[in-house]
Amino acid sequence: MLAGTLRQQIYAALPEGEEHRGAPGVAALIICTVILNTATTLLQSVPELQPFMAAHTTIPLLCGGIFVAEFFLRFWTATECDRLWQKFPLLGKRGSYLVSFHGVIDLLVCVPMLFMLAGFAPDGWLSLFAVISLFKLSRYVTALELVGAVIQNEKHTLVASVLTLGLLLVILSTCLFLVENAAQPELFKSIPHTLWWGIVTLTTIGYGDMVPVTLAGRILGGITMLIGIGMLAMPTGIIATGFANERKRRELLQIWKIVSSLPLFNHLDANWISEISGLLKTLMVPAHVVVITKGEFSTALFFIADGEVEIDLSPTPRRLRSGDFFGEAGLLQNKPRSATVTTVKPTRFLVLGLAEYQSLMSRAPDLRKKLEETASQRTLESR
Amino acid sequence: MLAGTLRQQIYAALPEGEEHRGAPGVAALIICTVILNTATTLLQSVPELQPFMAAHTTIPLLCGGIFVAEFFLRFWTATECDRLWQKFPLLGKRGSYLVSFHGVIDLLVCVPMLFMLAGFAPDGWLSLFAVISLFKLSRYVTALELVGAVIQNEKHTLVASVLTLGLLLVILSTCLFLVENAAQPELFKSIPHTLWWGIVTLTTIGYGDMVPVTLAGRILGGITMLIGIGMLAMPTGIIATGFANERKRRELLQIWKIVSSLPLFNHLDANWISEISGLLKTLMVPAHVVVITKGEFSTALFFIADGEVEIDLSPTPRRLRSGDFFGEAGLLQNKPRSATVTTVKPTRFLVLGLAEYQSLMSRAPDLRKKLEETASQRTLESR
Amino acid sequence: MLAGTLRQQIYAALPEGEEHRGAPGVAALIICTVILNTATTLLQSVPELQPFMAAHTTIPLLCGGIFVAEFFLRFWTATECDRLWQKFPLLGKRGSYLVSFHGVIDLLVCVPMLFMLAGFAPDGWLSLFAVISLFKLSRYVTALELVGAVIQNEKHTLVASVLTLGLLLVILSTCLFLVENAAQPELFKSIPHTLWWGIVTLTTIGYGDMVPVTLAGRILGGITMLIGIGMLAMPTGIIATGFANERKRRELLQIWKIVSSLPLFNHLDANWISEISGLLKTLMVPAHVVVITKGEFSTALFFIADGEVEIDLSPTPRRLRSGDFFGEAGLLQNKPRSATVTTVKPTRFLVLGLAEYQSLMSRAPDLRKKLEETASQRTLESR
Amino acid sequence: MLAGTLRQQIYAALPEGEEHRGAPGVAALIICTVILNTATTLLQSVPELQPFMAAHTTIPLLCGGIFVAEFFLRFWTATECDRLWQKFPLLGKRGSYLVSFHGVIDLLVCVPMLFMLAGFAPDGWLSLFAVISLFKLSRYVTALELVGAVIQNEKHTLVASVLTLGLLLVILSTCLFLVENAAQPELFKSIPHTLWWGIVTLTTIGYGDMVPVTLAGRILGGITMLIGIGMLAMPTGIIATGFANERKRRELLQIWKIVSSLPLFNHLDANWISEISGLLKTLMVPAHVVVITKGEFSTALFFIADGEVEIDLSPTPRRLRSGDFFGEAGLLQNKPRSATVTTVKPTRFLVLGLAEYQSLMSRAPDLRKKLEETASQRTLESR
């Protein structure tokens, strides 16, 4: 029981990205260790600094120690993590951690430590294991997850792009080899050597170490360059479309979450929440515009999707931000507005109009009863 | 009859992309042969390996034999393929195969075999025919079809881009020749020579073999580079837009196919299916959310467009995926929900609400009668 | 009168892009002349070919003659063109032609002819006037107009991008000059010289003729490269968005044109056509699917926006393509379908349902009367 | 009071971008000064021009004087500006100006003046302060604000892209160093040196000063190039999507502004304006098409979103442009059209149909009463 409690506490302290932030300082410690470790490895490779760096093994040993400790703690506390079951149910939670992306990285970065303990100097291929520790950072950069989702969604099309590139690369390089080999036998000495020219040109890098000089070679080179532009355009187009779709998907999810998080609606099924979400209209309002005026009878419920508004409550005005809502009383009790609301920034609202709300209620007497119960209960609880 | 049956069996065994996968192993055999053949050709061109490779003609002969066999089998069984009529109805099916893209490729890759049988060594221009065999792979990479469709749809705009590039190339190169010829008469010795500088710069390759050095040449070069960025942006913009449109088109088709594949609706005309498709609302639900609760009265039919849900049926829960649907009983018989459904992944549903369904039924008494007949028939057949 | 008639005939014979194709052969003659003229000019600049080319002034004189003739005919017949009034109403039609883009080009390409007639050899800067004749081709490549419209719409944002690029170019080059001047005083000898490095790097060309070698210079160079990627992304993003918007705009115009071109609707005001356009639903149908079945009562009018269908009329089936429509009788007279219609390719329809059509009619008794008149008139005329 | 009035007048004369254009000539003076100052600084750095330029300190002194004057005037009049409160309410208006982006720039460009007054020659690092004056121009290029808004909105994703680039840069460079160091110990002499190769390749610049020559190095180089294309595609995709969203947002705001600027509607709450905006239909009409015909009874209110129309009023026809509207009388009083309206360019209308308007009125008796009051009042005022 004691071990279990300690394990839970340690698990809670180890950060795991957006949804599990860990104890304060732990993430910062790991990030600093990774950066320090990588910087040391980079500087160790500079010939001028080597006599100086070789004497100082303190930093690599310290960083290695932190990585080893992190790995063992994560391995030990893996049993507390619910997320790990999903992909490899047969391996158990610790096994799942070991074969997960972050588990493999956590293990690999411990390798240089083991070699150092065995008496080897930390150089050569070991530096690769050190820089791999940079992958640990991907736990903390949350926007990377959007990038990852786009690549995941578009992987079939991206792989097809790379295969097309490979196919064109071999064919164009073979052609150029046949054309250019006689003029520059030293540079274009075989098809595999010409492949280097091909990839350098198709990706529009153009080092200039291998350049066709014959007329036929230059015409073929020009065609290769035009195809190269197309090859650049293809993944860009795929990723641009993928981003737009992923954004739209996340926006729909956001509306869904706003609606389902309202106290009034949070006991409803997905279907009713979808019905209500569908009735919402998007409304863009510039900054410094009056949205509702005190005493008016216009009736609608406003959700703030983006931006900020100010309610002129008498002692101190109150500011509402993304995710907040106002105008509930107008919708349910048809009362005059009790305060004036003004936008502070350009704001995007989701508006649920009275007409739409009432037509929904009349079509669904069950829902009406349920909502009225919830509303009266909230009044009793004097929320 | 026997020949016909054999032909049908062989036709069925030969893979033909997504819609016709062929016998197991045949696709793998062809793919391996293509890769082996290309690799051999590439290595044969390396001077150091030539004495070693020249002695070994077994692999080219083997690959060539497989290609020749494939060509003759495809040519013989072409009569079984319905798809080939469409483009060249006058040539017959075998003629259509011969002039189709894949027919030409299948024939061309047999050329080196014929030369080898005639006693020529497999080098020089013959290696081009060998690498052409890579085009055979395009039968198996199905995502390429999306790429092809985008290029096909946008071909007019892409050709206009290439023509614009050509026009600017000639004009800018002429200007640079006039400006730079005096300073570097060896490099920029004529307009056609300067065209090479132009294409290398406009496509942002920048080998560095020809670089303007005069002030006027550098100003003109800078303008050329800015135009070059525009020339890169143009096809990228075209392809990005084309991808977005093609995706949307395929999504609409997918909804259409889901609706028309429902037993309830599959006898309907395209127009009614379109009516029903138009009534569907898109609904994004995050993972691990209850979509419908057992015993509830909320009524709607859910189609899964993307993602996965779990139905908690008592002995073993059942999982539904993309293309499945649930909630049919609620829509047609207004019964309480018989099970709770929870999302496993973030899921996109297409929801057909009761209200929309009934308004459709009241507008179309014919359709109502037809659907009721279908439903009662399905009950009799105790599906 | 005679001159007027001849002028009209010559005006009609001169091609003017999409909307005015001219007499057969005239466009081909001009395109060939332009290409021949440009090719000659390019080859004349090659030193090896110059003794040979200098003797042959027949081709430049012939091409020049055709250009001069074209210019004078276009100038003379400009009075027949209605399009020219719009931009410069004060100059008259011939003056408007002279100051229009194509008028200036047509005049400029006559310059080398004048010099040759005056006895000068066709070389040096004269070759620039010759290649300018390529701009004449822009009359015939109609997809260029879409490209032009996008650039026109986005010009403010594109200019802002170029100005941003210029601003960053000067600042980054100044920084690099200060850092790198001491190490490479020959290459980075002044800020204006370093601007060349800046533009070569910001546009991702990278010739390699000027490369920073100090640590500070390389760090600054790396930052410049990252900004350069952003500079590439900016116009690409602008143009991609511009293309998507321009496409959508043209699609809306196309629906409008289809609806307003129907005999039934073509006497209506823009507002009613907009009302009807708004009632159309987009319907994607895969290839080889039955759209309507003979004898069925389902009622809707189908417009084909993209693709192809086949109507199985008894002697010979008939094919309908983009812009055609069918099902008119079902909508107006509620008769059973007289033939089965099947899609040949994946087809996008715009469908006008009976319900939508009738709700429109009931809201607008005037329109109903008008349409009934048109319909009965068409029956009398036994169209 | 006098000082206050003078201050107000000077504040009004100083230009501040789109919303505050200043006195005529002041913006032009500042822009000319910035360009003159930058050009002088650039030319001063050219070794050949230095003896000539060093003698002429008039221009730098003059420009510096204008900058110093501008800074003090802006600092003194900052109290008149309402916009400055928002970000730093604690600093007061003058403090807010000093810490704002433009305040810092305005101050920094005064530095060279101070040094010159103290007797130093205007060279070396001082030239950096001079070119910083280019940032002053960003006040006047209004399209830059759209670019800024996109970068602001997408900053999290862009930072994630740059971090991903950095991570891949370190890992790929380490690998290449390990592979290539033995073959080219002079060029690839440490990981930090190889980082230069990495950034030059990942950004597709490709100077060619460091190029791998071993087989393993070239394979790794090829992989780096493919990843580099992805790295180019990522920000392009992000910015393209961001532009599309920002455009859509601004278009919605524009509709909102058009509707709320109508005299009929400008006393309404945001909610009603949103209701009315939602009823508007977009209508694209080609050029030279009759939109409404005189004497017809079709009834709708047309707003012009883009383009131009002509009303054939009897003495002189009148042209309406973006933001104008017509057909008000038809909507409110159901009168026949009093004039024919024809499009001059392809025009995008926002149409408010009679049916939609009346259904809105019947749902909202309060609004009806209010609008009727406004309309009758306008008749009394005989607008």
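Which chain is which? They are A, B, C and D, in the order written, and residues in each are numbered from 1.
The rule we apply is simple: a residue touches a chain if its C-beta (ideal position, glycine included) is under 8 Å from a C-beta of that chain, and two chains touch if they have at least 3 such contacts.
Predicted model, so just to flag it, every value in this text is computed and none were measured.
In this structure chain A contacts its sequence twin chain D using mostly different residue numbers, the overlap staying below half.
The angle of the rotation superposing chain B on chain C, based on CA atoms and rounded to the nearest 5, is 90 degrees. A centroid comparison over C-alpha atoms places C as the chain most distant from chain A. The interface with the greater count of contacting C-beta pairs, when C-D is set against B-D, is C-D.
In whole angstrom, the spacing between the mean C-alpha positions of chain C and chain D is 28. Centroids built from CA atoms put chain D at 39 Å from chain B. Each of residues 204-208, 232, 236-238, 240-241, 244 in chain C touches at least two other chains. Of all residues in chain D, those touching chain C in their complex are 38, 41-43, 45-47, 124-125, 127-128, 131-132, 134-135, 137-138, 141, 143-144, 146-147, 150, 162, 165, 196, 199-200, 203-209, 231-232, 235-236, 238-244, 247, 281-286, 289-293, 296-300, 302, 346, 348-349, 351, 353, 355.
Residues of chain B that touch chain D in their complex: 204-208, 236-237, 240.
Those residues of chain C lying in contact with chain D across their complex are 156-157, 159-161, 163-164, 167, 170-171, 174-175, 177-178, 189-193, 195, 201, 204-208, 211, 218, 221-222, 225-226, 228-230, 232-234, 236-238, 240-241, 244-245, 249, 252-253, 256-257, 260, 269-272, 274-275, 277-278, 363, 366-367.
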